[in-house]
Amino acid sequence: GTKTADAGDTTTTTEKAETTEAADTAESTENVSADPADYKVVMIVKQSDSWFDDMATGIDQLKKDTGLNVSVQVPETGDAASQISIMEDLIAQDVDAICVVPNDPNALVPTIQKARDAGIVVVTHEAPGTADSVDLDIEAFVNESFGQLFAENLAKAMDGKGKYAGFVGGLTMETHMAWYEAAVKYLEENYPDMENVATEPYEDGNSVEGAHDKALEVLKAYPDIAGFFDCSAQGGGICEALQENDLAGTVKVVSLALPSMSSTYLKDGSMSHGLCWRPADAGYAACYAAYLIASGQGVETGTDLKATGYDSVELEGNIGYGNAPLEFTADNIDDYNF
Amino acid sequence: MEPILCARNISKSFIGVRALNNIDITINAGEIHCLAGENGCGKSTLVKCISGVYTPDHGEVEISGEKYKNLTPIEAMNKGIQVIYQDLSLFQHMTVAENIAISKLKFEGNKTINWKKIKSIAKEQLNKIGVKMNLDETVGEISMANRQMVAICRALAQDAKILFMDEPTTALTKTEVDHLMKIMLELKKKGLAIVFISHKLDEVFTVADTITIFRNGDKIGDFNSKDLDEKSLSYHMTGREIEYPRYHRTCKDNSPILEIDHLTRKGQYEDISMTIRPGDIIGLTGLLGSGRTELAMSLFGLNPTQSGSIRINGKETSIASPMAAKKQGIALLPEDRFNQGLFIERKIKENISSALIDTICKKGLIRKAEEDTIAQKYVNELKVRTPSIETVVGTLSGGNQQKVVIGKWTATAPKVFIMDTPTVGIDIGSKSEIYEQIHKFADGGMAIIFISDEIQEIMANCNRVIVLANGKCIREFDENELGQDGADKIITDLIGSQSAEEVTP
Amino acid sequence: MTKKIDQFQKMLLIIIVIYSVFVSVKNPQFLQVQTVFDIVKTSSTTMIVAIGLLVVMISGGIDVSFMAIALFGSYTSLLVMINTGINSLVFAFALSMLIGTCLGLVNALLINWLKLPPFIITLGTQNLFHGIMTTFISDKSFGSGVLPSCLHEFGQGTLFKVATENGSAGLTVSLIPVLLAGIATYFVLRKTMIGRGIVAIGNDEESARRAGFNPFKIRLFVYAYSGALAGMMGIIYAAQVNALYPNKMVGDELMVVAAVVIGGTKITGGQGKIFGAVLGVLIIYLLNSTLILIGLSSSWNNLFVGAILVIAVAVTSYQERVKNRSHLIFTE
Amino acid sequence: MNKIKKMVGKDLDLSILVGLALLVLVTVAGAFGGSMYSGRNIQSMAFQIPEFGFLALAMMLSNMVGGIDLSIIANANTVAIFTAYVLNGTWAFGTEGIARVILALIVAAVTSLIFGAFNGLIIAKTSAPSLIATLGTMTLIQGIGMALTGGSSIGDIDPLFAEFGKSVVLGLPLIFWLFLLVSLILGLILSLTGFGRKLYLYGGNPVAARFSAVNNEKMSILVFMATGFLAGMAGLIILSRVNSAKVGYGDSYLLQTMIVCVIGGISPNGGKGKVQGVVIAIIMMQVMSSAFTIMSLSPYTKKLIWGIMLVLVLGLNHVIAAYSQKRTLKQSMKNLQSAQ
């Protein structure tokens, strides 16, 4: 979807005149501006927490770097309903592009459709399942391989044997479930001595407390448990539970992790591995991609989205894969500060 | 006689009414001072003004020589003013002992609670008035009469100088009232000033030294009780002659409308039988806890019976719910007007139509004009004192509220109307109006079960009387027996003997 | 108040016993000290706010802002500690409880001023407090590394430890504040005049006023007290999860209300017992912490918990109703 | 002018609310100019109102009988899940096209009524406080949805049905008209019918209602069935808007519905309030919410504003009521004096 410039910003008319001129000379035929300041891009995140706070810093950086008119909308709760309602309002406000990290991608599809019908570019992040409905979906990596990364690290920590349990934020969280399933499948295929204690993941409700309480219960129900992996960033709760039972280090933990929230656990050994991708970079890349599409420049394999790990995206259908997984250990955790 | 309290020029208005108009009153130590007047004439309001609950619009109160313009309840209590309110103001979930002792301890400035002391205070006060009670029961579990005693003990515990009693006898039966009167006279002898409010004139004359009469917020005057008799008192109160004409059944239809056979619910009432014909007004009397209310509730479908049968118009039926009762033409005027009878925040007309909703509906829609007509009709007939049918019921005086509840049920034109103590807290003027209505209903063929403690009222209104004790029917009087001289004495004695038996074990 | 354990609490104990037997049969692992220790630890924070809420509910009110208060108190005081480098548990508790008290006073003032149901008021202040904190103080999360170390020591601290199959289990020190809160509350409610005033205004405010109590002052105390307990709970919570978030806790209020009501506290006020509230909280935690033990898969959790909750509510309420009806009390 | 005065006198709370709503509308217009009331934006707001609106109406009904229904969101989602299973063919029983949509609607109506009746039965038959009874059923009903779906979203629904959520009639969404219609009907039922009257009486004093031969059990069950039904409608609208159903959608609405009801003048103690008030409050909240989006407010600031709003409305109601009472008192005393 391309878009004409006049629907964009209305405040900086003089600038626009200049850029239109520049664009004219550059592309000579189409009346399309490439000046980022002419494009209004809005990023809708899931909720307010450290993860998305970091994403917001990335977006601020993008604004500074390029002058793109980009802002962040934070819903009151992690609920698809709030995201939809914000998106509806934005459609009516006639922005140029919307980036969204959907809570529930399927629920958002009709609204995305509506936005695109209104000529708005939509870029998602963490929603490969609904990539057909959007202009572009930016992924830090392939979900399956990220899940396998969980498995690989857990197996390494557990020496390839013993019982383990997997946690997700909630059964309704699509990416968590994808990682969980990929991880379990990978372990089943490659590590016959490792045994998943349950058929379904446990829910920590995206809270440290939940992870802590569930971990305590798992420890009781399966005293011989040897490892946990947590697809939501609440592995700290499991570590706390282990410390209480003098099991820290004995029972291994691999978790999605934010450096600021889990560096201590990595350092004191209760968490063996943290996995992550940088939200700031993802936000940066997604918004930049949205701008590229909105301004008609497009994104294709090899495009540089100017963020670490996204310097050469791999386009598969509508999904643009970066190569941005991060792996934290006690040794490298101090290199990150988000 | 030394005056310990003088109120001067007290005026108080509420929205739309002037409740008190320049009232002066002097209360002397060692005297029982009665306030008399019709419903809504401002008696309770005066009490509240004097005890600091309301701030009067004008006027001042002088207690033991000190003048107050804005008396607070705390100051009043410190000055020895104690009020037993119409609603008793007890704490349902607290024990008897604590209810009695708590305000005393509070006023002594105690910061901590000594449970032993609480019990000893309670015991002492109960002994003082000669009543035995389980101190550890919660007030919610004891009878109305005992609650009244608790309220009195609580007031006495605080060395009251003036005791206000706002209709303390409404929930008591004759024997209990007598006991209370005795206690009041004892207290008077000890130098206490008592201000007593009651709509039962015999009570007033038994204890009163002085009677102050109010009409419509104005004071008519102070009278020495010896200078008045029931007739002159009621004349002063109402401004007209009041008479309670005796009821005689005129209805010709003698086929029974309601027959009860050996009705039993263990622990509440046993083996009750009666036959009621159109035009009968059956008096149901007996001690508190004798099972009258329970029986009434059973007939209204709120208290399942265990055995026995009920026949209406000769057909055996079971009354499983108030809806079924209403369908059978049975109405109940409940004992607890405030909680069971009224929608306190709603208008008079909505209260009156509340049992009639299905009738005034056409295709599910309320016919508002019809509702207004009906409401206006019963407001007029029962002489409810109100500016309009749109008035919210909560702002009416107690007596007028009761009239609204009566209106609500008479509007359904019931065949059998059970009235559980219908004239409690109602002034003599309105009473006679209500009696008149009841007679008119009965003449029109309605059967009425009239539950009451007032023998006088029973004698005037009933053509048959059943006396209950401990859930059993101990005596039945028919029209002839009632007609004989001294029947009232026999009934009084019957109830009295029961209570004597009860006290002895 | 006379009988130590009333009918209602007996009912709850029976429910707990039956359920425990059921779990033990399904999984004998349930029968070990660690179970008790774990439940004590996981429920300790809820216990404290439940006790605070109990006091409010006995006074005839309700408070749904206590989680926001807990968050406000703990977040702010820990933030102060992080920024100033103070590393003292006493300071944390003192400041957090002070803030809690102040916010509680705000609740009481608003309730007194607006004369509206406390449910509505505290629903408003819940938003207000949380909004003020996150807008004017900070909305950043803090991980374990930055938090004062005394906090983690407290959160992990145990009174004593016993060896288990694969490690050891300790009885959390958080039990001490719970006991303190419980005993203090018992003392206040039972042995002080203000406590009886709380019960009195819960029974009937007008009557209490006539008996010489000052409902306004009592209400100030009640909400301040529950606020202080909430502040205390906030610190314990932060210590246990060893992290500080600006958006946790808020939203879990109704579960606590339910626990207190299941424990036999009258929603209309005037009656309620600490032991009952404790049992109510226990039932909810017992339920939630045995799902894995009985081998229930996650997608069936809610169905199971919901069913048990509905049964418990129905059984206890029905008993009460039958008792009331036989006394011709219609509670609806 | 006189008419307005009369109206204000008759229903003070509602008038204050209307005044406040107008104030909000004007302020917002002043701040954002035309963009706020462009046809597009109005349409967008009208699209957002119904799903929340139906939930708020459901909450209102339960509040009016002095109760609270915490299970409405769970109910809406689970109804949506049932309906989605019909519409995507899993439970279609061989129906196709329009027949399938009709079957789905029937399933939605029946399930929502059953959930509501279940609440009503527990509350009516055991006298359980609705707060904890519905907390239990909320978990239970959510559990049913969870057990059925395992947490994943149920999509692929019949496009015929999806149209319903998108269609626009006379410039406004069909679902918005539906919301207005249902509000109107509900308002009329409450103010004009016997059922409505009984509901007010029952809400005001259930014991007296029982003694007035109102069938309390029936009332309670009916009211909660109606509550359930409205929640089910919300579920259908959610389904038609997002084309899929999932446990947990709209969980954040729960507290908001309570706030809207309070602002709309519903007393949680029961027996008081009007549909108009709630509808105005819903619209006002939507306008504010959209304005918040335009201003890119942080979620916390939004929360702060909601809190201030609530306390402000309540405070205003209180102050004005006290003032007007004083005035009436003075007036009536003057009348009394002049009469003398």
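Per-chain numbering from 1; labels A, B, C and D assigned in written order.
Basically, a contact is a pair of C-beta atoms (placed from the backbone, for glycine too) under 8 Å apart; a residue touches a chain by one contact, two chains touch by 3 or more.
All of these numbers come straight from a predicted model, not from anything done at the bench.
Averaging Cα atoms per chain gives one point for each, and the point farthest from that of chain D is the centre of B. With centres set at the average Cα position, the gap from chain A to chain B is 73 Å. Averaging Cα coordinates per chain places chain B and chain C 44 Å apart. We define each chain's centre as the mean of its Cα atoms; on that basis chain A and chain C are separated by 36 Å. Chain D has residues 146, 150-151, 207, 210, 298, 300, 302-303 in contact with two or more other chains.
Residue positions of chain A with contacts to 2 or more other chains are 47-48, 171, 200. Contact with two or more other chains is made by residues 302, 340 of chain B.
Chain pairs that touch one another: A-C, A-D, B-C, B-D, C-D. Taken in their complex, chain C has these residues touching chain B: 1-2, 190-197, 199-200, 202-204, 206-213, 266, 270-271, 327-328, 330. Interface residues of chain D facing chain B in the complex, by the touch rule stated above, are 192-195, 197-198, 200-201, 204-205, 207-215, 271-272, 325, 328-329, 332-333, 336.
Against chain C, the residues of chain B that register as touching in their complex are 53, 73-74, 77, 83, 85, 89-95, 98, 102-103, 105-107, 110-113, 136, 141, 154, 293-294, 297, 302-303, 340.
Only residues 47-48, 71-77, 79-82, 84-86, 88-94, 104, 106-111, 114, 170-172, 174, 177, 200 of chain A touch chain D when the two sit together in their complex. Chain C makes touch with chain D in their complex at residues 110, 113-117, 119-121, 123-135, 139, 246, 254-255, 257-258, 261-262, 267, 299-307, 309-310, 312-318, 320-321, 324, 330-332.
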